[in-house]
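Just dropping this structure here.
In this document, chain identifiers A, B and C correspond to the written order of the chains, with residue numbering beginning at 1 in each.
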């Protein structure tokens, strides 16, 4: 199968305008004849549902939470990038484009990323018009701050709650369309399957999480905005309900999965404190501006940090990367922290943490200055750990928090299934092998507000869409299959809980498909996953019934799909015989232990096609063509 | 320092909205004081599952205090005893060995119990749908810096906008009133110039919908403000009152 | 006039009615207390104050009708709010604990209010709707407070009135929308001072009278 990304011709900066003009239009009066299913109400889903409804389409919106205001976009702290150049520091669409491409270690599509940069400014305009209270200067204009991977100040923010404010903006636009009757909202619904009629995506199967009913819903197109799969690791900074089910079910129905091994591991998270921990909490990476990362020089040194003299401390990032020091990019910082802990130098009760020490910064600038910069973060840290970071160094450890990989989409954000569009973190399109800070919010909103409203019209204008009804066999069969699967999960009645198995899966991936990978480990992981999957279907215990609220059953369904998907991740990691961004194979590193890309053989998107149960997925390649940037090796020495 | 404690839990169990609920007692043993409250419930649920019983249903998602999905009344306090803290960010070190903890769902006529500790807060969505937005379509908006907004106003709007919609204000209010929630949204949009054109229509519609949803009346008890995990101030309620009177007596809104 | 009914009939409208009627009572309390202070001037001073007051004729009647209207609004709206609020949480909590917002005043408003209603009726029957052709108001008062039970009851009632206004006064400002970070602490302080003035100012009168009687 040939993967056609449908990238428009012409110079990079003109591609999007040209494409918008070439896309066929739907007459306003005809838009109301189309029904669009939007799954997920994060930044991408909320903004897409609202914008499509504003255009006149009839939208059905679905979310897993009790209200469309809670998706995990809400937890993003830092900010959202836009190439406004309000700070007069020579920012431009081209610079944002270049930073994003380079940050992604040259594994993203040029045209998509350039479009992202082009619409980034519109996002800020839109959000301000909605009443999003971005931070402002005394003069009344918008404030900016700088973020990792960029040398300009282009990040717009609302305290440490930017994601929340942007999501509430999208939610308000969505609420307006719900009130207007243009969006029908279905809360507490979990998508469990995609329905194809005549090869086109024409509906979904959802489980009503309150009544347990398996429902089928029809539409003329399906827009998946179901987020990333980082929870496959069990412990991640994602919300508890984040899962891969919707994407994976679409994959099983023929949508290709791109670059599943590209996961981002964030260096500054609060470490795991015990075996019962359910999730991890991120501390903004801005802390590395003033905090110094260190471990004791001797392995197994259990003295409290204030007892360890300066000469017995190893400031390993400063030692290894003298020019960037503690401000090396996320992937490098993460890998180095892991390396220290693997050598037994980790600190804290579990030995899986390194110090992030503000002592010198406090001595230099005074406590007040540090409190002004990071007060809220210090407070949050203290709430969770009961340690005071003004007096005792913070302990941090890397944690999984974002998935760059996702369903393959073309320039129109349509997957390999006609009529199935994929937006936001759920698709693979813009971040390559590593995402820069403050870019996830930008991409979700770009896709939802400014891309899908155009491209879906182009699809409708060119597609033949016969009428479908939920009574059709395609729908009844899909519903029946979902019901059988649910009943099967409930009938196993084994000896291990869902969480117990999920935790084990997470450990396998963390150990063998985490920050540093090698062939032996990945091969082992694949076997372990397969046997864990068999165990799951023989020995899991899911209590309760399928006829009411059953949170164990919900989790069981998600973990069942994680157990399938994780193998795909491992296969992808094994196949990509290079290191780039978040994918670090120890066999492919420079002499300085940095990721060594292989642009000759792996400058492509790996897209995987489902081949059927028990069969190896089929590999497809979308070559990445760089006409506007020069591929270079990253170094931070 | 990590230690473990043993607790007695009295948890509200109710199979469905229609059924009658009651308290069940469970022992939570060897609970690490580093656990969050919800992790403690996870541990209890794992044990219930292995004992062949149904685990306790409770709402939660982000577990970092921002999504607003979690929340129960713990020993008579919405989100538990710590100030400015959601239930997921409440840690067990605030409890002592041997404590008995009563856990109940948020209670209000407008919040039906769905199961155990889960409640239906869709009434809050209905209030937002009545007018908690600026009526602008995507595209065609002016440049973000076209309207300067003083830092003071932007900060005040942000204070109000910090609301996570968890419903603790309703749960904590002796009258189950939703005034703090509604006023936070009304205030955010009333303060900003973007929200002014439809301010009168908005406040009128939102207050009427709030009343229709069956929330109680505010009697300025200030429990909402004291319990709000984002510490939203009742000055927002005063602002909403002003906006409401202005709209009711001096605008064309009927 | 539907806009008028819609506005006042809403939850915030009802609060507005409570606030305005409540504030008018606070005003009345000030006037009443000022008048009562003539008691300290002795029998003649007090009686002559009463005569002067009654010589105002129709103005007194208007004021009385005004107060009666306010009373009806305050009592009926208050009762409605109390009933609605009871209904807003059909299933109560097994454990109730304050987060620190409530005060004795705020938590007891309906109860202190109901008590004050009964007190006002009793008070009017005692001192207002009595035949004053053969006896002066001062004598009625001093005769009443010669019974210790009366004194105790009146002092208690005034403490309760103080508690009621301790919440009522600042709360009325909040309801009217007068909450500003610079001025709210002053209003709160004023409420406290006013409640003490009401409690002590009115509460000490029966004691004083019983002492001189």
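Observations, loosely collected:
Methods note: a residue touches a chain if its C-beta (ideal position, glycine included) is under 8 Å from a C-beta of that chain, and two chains touch if they have at least 3 such contacts.
Quantities reported herein were computed from a predicted structural model and do not represent experimental measurements.
Comparing the CA-atom centres of all chains against that of chain C, the greatest distance is found for A.
Distance from each chain's C-alpha mean to the overall C-alpha mean is smallest for B. More C-beta pairs in contact connect the chains of A-B than those of the other pair, out of B-C and A-B. In this assembly, the C-alpha centroid of chain A lies 61 Å from the C-alpha centroid of chain C. Inter-chain spacing, taken between the CA centroids of chain B and chain C, is 35 Å.
Centre-to-centre separation between chain A and chain B, using Cα means, comes to 27 Å. Contact residues of chain A toward chain B in the complex are 47, 50-51, 54, 65-72, 74-75, 84, 86, 121-122, 124-142, 158-159, 161, 163-165, 168, 171-173, 175-176, 178-179, 185, 187, 210, 237, 239-241, 273-274, 276-279, 281-282, 349, 383-386, 449-450, 453, 495, 497, 499-500, 541, 543-544, 548-549, 551-552. Put simply, chain C touches chain B in their complex at residues 2-3, 6-7, 10-16, 81, 84-85, 87-102, 106-107, 109, 167, 170-171, 174-181, 184.
Chain B makes touch with chain A in their complex at residues 2, 15-16, 32, 34-36, 38-39, 42-43, 46, 48-50, 52-55, 57, 59-64, 66-69, 85, 89, 91, 93, 114-115, 118, 120-122, 124-125, 128-130, 132-139, 141-145, 147-151, 154-155, 157-158, 161-162, 164-165, 188-189, 192, 194-195. By the touch rule above, chain B contacts chain C in their complex via residues 10, 12, 23, 73, 75-78, 83, 102, 104, 107-110, 172, 174-177, 179, 207-208, 210-211, 214-227, 234-235, 237-242, 244-245, 248-249, 253-254.
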